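Both of the next two complexes hold chain A, though its partner changes from chain B to chain C.
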Partner chain A sequence: MKSKIIVPSGILFGLFLGWYAFPFALYKNNEQPMQFSHQCAECHAAPLGESESEKLLVETYITPNKEIPWLVYSRQPDNAFFSHAPHVTLGEMKCENCHGGHGTSEALRTYQENRISGYSRDIWGASISGISSNTWEGMKMDRCVRCHGDNGRRDGCVACHK
Partner chain B sequence: MSKIITRRDILKFTGGGILGVMLSPLPWKLLDDSAIWTQNWSLTPQLPRGPITTAFSHCTLCNGGCAIKAQCVSGMPYFVSGVQNHPATHGTICPRGLASHHMAHHPLRIVHPHTFVGKSGESRMVALSLNEALDEIAKQMSEAKGSIAILDQQPGRAISELYEEFLSKIKNGVYLSSPSNENATIVALQEMMDRKSESSGYDFENTKLILSFGAPLLDGWGTPGRMTAIKNRKSAKFIQIDSRYSRTAMQADQWIALKPGTERILALSIAYVLINENLVTKQIQSSAIDFGQFKNIVKNFNPEKTVTVTDIQSHEVRKIAEELVTSESAIVLSGADSGGGPFDTETEKAIASLNLLIGNIGKQGGIVARKEIPGYASPTQPMQWSNIPDHSISVLIVDDADSGYALPWSLIEKKLTTEKSFVVSLSPVLNEISAHSDLLVPAPAHFESLRDVPNTTGSATATFALSTPLLKKQDGTTEPTEMLKEVAQRLNISLEIPAFKEILMQKVRAIHSQKRGTVFSYTDQSSTNVSDISSSDDLWIKLTEGAIWIDGTSKQFHPVKLTFALSTNSIRQNVDQGLQLIAYGWKGATSFAQVSPIMSKVFQESELRDVNGTVTINPKTAHQFGLSKDELATLSTKNGSLEVRARISTSVRPGIIEASIGPLPNGIETPAHPAGTNILNLCEVTGDGTWRVTTANLLKV
Partner chain C sequence: METTTENKSLKKYKYGMVIDLDKCNGCGVCSIACAVENNVPPAQAKANKRNGISLLNMHTVSNNEQFPKNESAFIPIFCQQCEQETPCMTVCPQNAVDIDPTTGIVGQVPQRCLGCRYCMTACPYHARYFNWWDPEWTEGMKQQLNPDVAPRMRGVVEKCNFCHGRLHAAKQKAAANGSREIDTADYIPACVESCPNKAITFGDLNDEPTEAAQLSKNKDTFRFLSRLGTEPKVYYHSEKKWVHEMAEKSLTRSLQEEIHG
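Let's turn to the complex of A and B:
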């Protein structure tokens, strides 16, 4: 009896480790330097200067004329070039295609940094399997190539690697 | 069920665990992440993160002086391109210029003085302090029994004036430059017309015909964008007389393929037609004091006779001569090959004399005089290599500036004293000259210091610009002015050298005081008359932000005396004993210079440019020596041998071996002794400092 459950237990433990525990170990949670809502109209309709984030924005960044060190979810390696212009203007793609519901979010998500590669979890996608039916999950090269292929667009190396 | 956990249970659980992990994304994700991790090692150069800005400067990798626009992140340039609508470059820069911002990060970069210890071939580089290096230079100079020479491959700069002043204050000072001068025809003309102290240029923009004897006009010559613009505009017909199907020959309107080494004979046979068919005006005939003597020399060069030597039919020679006189304007010029080196003086004179015969001197679309840049002394021509006695130089300082043209070590070695010579290289990147040096005192790398960019090669009007630094100067590097000042102090030579910035500001003040010319600013693409700029400080700011000063008009120029001064009248033919080795190169990628390793894509992976060790031969020659495409062969001359890879092309004459003086496939052989044996060192350097044709042999490996 014991020998019958030991191996499956090991398998279950391995699956638990790989599917559930591993992402916690892999990604480090970093908070953005300040909070920001994409629902601009609501923010600007209300009187300014009340929230802590706005206070932080003015005192830490605007007054000393300092750039906000945003943790960019979409930051790619330097050898990958991406421009919004051909995708939005020529490709007529909607923001949601790539950004999902980010435009309607009220607060910035925690930036999850891959401890090994140093890039955001958003590059791989939320699912540790890297498999998702959502078009906005994952920004790896295979996603770019697949989308270009599906839409009959040029996908030579130099399209992205200048 | 037993409650005891055995070793077997642990192993089973572990095995199951491993199986479970393998069925999860963990190993595959780790594989992917670790691959990305390897891209971010500390050895991999990373751009800093920060604001993206634009800066302007000028490339000083050769004397082309091209304007560049640099995109910078956090102040560090990451992309370099030309400046659109630039009056000289028209927005074009060469491939080497495109990668010029890489040079400060070159793997062969050195940032401290070094010397070599150990026997030749096994020596190793040892760092030493700047003071120790300067003391050693001063000691060697004070003990020198022969000449003390400075090799400056970009003469005419502010530092060049200081070099000349320094050398004038010591005994046996010799000022040298590259044996390959892009302005060779102008230099020959200045000597012939007794106008050595005047500057001249080519009015390419207004000419209708350019007859080039081997000058790589469309392959990086002078300011590459200038020549490319003229070619694209189709305002002038390009005739290329070249023994090789060079890149310029490929792009020219007409290629005249002559036998190697017969350029002088062809030039004189063109002169023969001009004179004997009365195509030279009486005025020109009367102004040349030795026209009769010249005519006497030229009479031996009847095209009917020279055809056997040059392989150019007489009717072709006549056609060239007729085109030269019937064209509204024409320029005849010669030029060194980037790897094959210069023509001999007699050939230069013979080619230059055609300009005198067709009367294009001082005319629009011909060779025009230009005014000097205010603040600069009249140019003095560096001593010709042929005039330097063999084994006469005891101390040689090699400035870091590069001409882009090959300089065989064997030529330098021939001039150094045999017993105790001392060579100092100021190059910031190890190259073949530094491998033979005794002391390395690296100057700041490209774009790390302020430099002046005076008249570019062949410009018709005077120009001035500044190469402003885009990168922080590395600690340990030494400005050449600083080195010169310190050595002068140690030798008790009275030499006032202010800070280099102050020297350049003096030049700018002089330009402003003359109120001549205009300034073209790169930021807003506007032109401003110097007379409208309120102060020299404002002019300085404009120039440092990215601008070029261009003089107004060319100087009025009427030749007062013409003398052809040819001394040879024989139809000399190269001896056809065995094969003839013709070296060729790519400007800026020869023995002296290094190119960015990232540029391997244009010469190694794509074969757009040939690497060192590639030879091209005619199919008949290949058959004669039993060689097939890409087979290895041993190329030998009396100077040594080298294993080469053969290429076969009908564009090469039978009996000729065209050999590339390109970069080495992996950039370098060893850091301390790069390019130990290259094709350049197989070439025979003659007494007049040329190496255009060498007798050679090929043997299949």
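Let's turn to the complex of A and C:
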């Protein structure tokens, strides 16, 4: 009778470790150097001097002429080649197809860095199981290959690798 | 589904090269241009001809005659881009080598390579190189690295990919202009561009009017070890008979030349 209780609790404990504890341990949360709203960018380009981020932008980066060290969610390994031109101009893909609702976002998300690989969580996708319901979740090679295949592109490795 | 049909009817390229050995004076600029373009690190102090990396290797051969009949020729050897039964691709256990069906380029993905070096054994042209050391550049040289080509790590094999970084750039430019076909002037490998004697002609061999396609069918054009039937896409051109004969000679002779050359 005792063992019947131990077995399910062990499984539950394992599931908890795998689904909740492991992702917390795997990813490190890094904040972007400054906040930015994509919606504001559409209306004005000149700073209005209202928010903390704008002050930070002018004082820390623009005045000393320093590049903003953005944490790029989509950063891929060195040997991956990607160009927007063929996908947007020739493939007529919509921005939301890969970027989701980024264009209407008010603030920047936390950048979750994989402690082992050093890449963003966006590469694997938000779901730890690797199964995603949206087209903009995950940026692994199999997704590139699948879409190329579905659209009749049978390219060699070096078409996307450099 | 319209896109699918459109993509399937894409033009098929067959990139190839014709090297005029009568024009080549063995200056080696192509070899340097190749190393710079493809981020080949400076050779280690311990490196020699067998374990160093020279994706484009310059060989010297002579007709072994006494003066004044003595003649020599310089032969740049690099991946010959075999079309049929591609030996390296056939043996690779990792699928790290493949032929791009749209360009005919034999591509090597070093990041997929496990370093077994089976492909090096299989390659009849000895055109593949193994990275015995981690690549090292000095601080100043790091600034000059080509961002279009990923550096390779220790323990993998590399070879000439027909400067695929330049093909990416040409494709990107064409796509930005709304075209699926590149401007031929935008895609020229580094060795071809650098040759001061204009000895190398590069182009689409399927495209009949191009100079490369015409030259590849010239009666004085030949391919090395053509008897193997691998149908290389790199052709050589010479009007000298002894050079033609040498192209079919076996490995023993080339090794001798390596030692004495």
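Here are a few things to note about the model shown:
To be clear about the criterion, the second predicted complex is superposed on the first by the 154 of 162 C-alpha atoms of A that agree within 3 Å, B and C clash if a C-alpha of one lies under 4 Å from a C-alpha of the other, contacts with A are read in each partner's own complex, and residues count from 1 in each chain.
We adopt the following convention: a contact is a pair of C-beta atoms (placed from the backbone, for glycine too) under 8 Å apart; a residue touches a chain by one contact, two chains touch by 3 or more.
All figures in this text were calculated on a predicted structure; none of them were measured in a lab.
On the shared subunit chain A, the superposed partners chain B and chain C overlap sterically. Judged by the touch definition given at the top, the superposed model places A:83 against chain C, while chain B stays out of reach.
Of the two partner chains placed around the shared chain by superposition, chain B is the only one that A:119 touches, whereas chain C remains out of contact. By the document's definition of touching, of the two partners only chain C reaches A:91; chain B does not. The partner of chain A that touches more of its residues, comparing chain B with chain C, is B. In the superposition on chain A, contact of A:12 is made with chain B only, not with chain C. In the superposed model, A:67 lies in contact with chain B only, and not with chain C. When the two complexes are overlaid on their common chain A, residue A:133 makes contact with neither chain B nor chain C. Of the two partner chains placed around the shared chain by superposition, chain B is the only one that A:22 touches, whereas chain C remains out of contact.
Superposing the two complexes on chain A places one of the chain C stretches 3-11, 93-101, 165-173 or 237-245 into chain B: stretch 237-245. Taken together, the two structures place residues 77-78 of chain A in contact with chain B in one case and with chain C in the other.
Here chain A touches chain B in the complex through residues 1-3, 6-19, 22, 26, 67, 77-78, 114, 116-119, 124, 128-130, going by the rule given at the top. Chain B makes touch with chain A in their complex at residues 1-2, 9, 12-27, 29-30, 32-34, 36-37, 39-40, 46-47, 50-51.
For chain A in complex with chain C, the residues that touch the partner chain are 77-79, 81, 83, 85-86, 89-91, 150-159, 161-162.
Of all residues in chain C, those touching chain A in their complex are 3-8, 96, 98-103, 105, 107-112, 148-151, 161, 164-165, 168, 171-172, 175-176, 178, 180.
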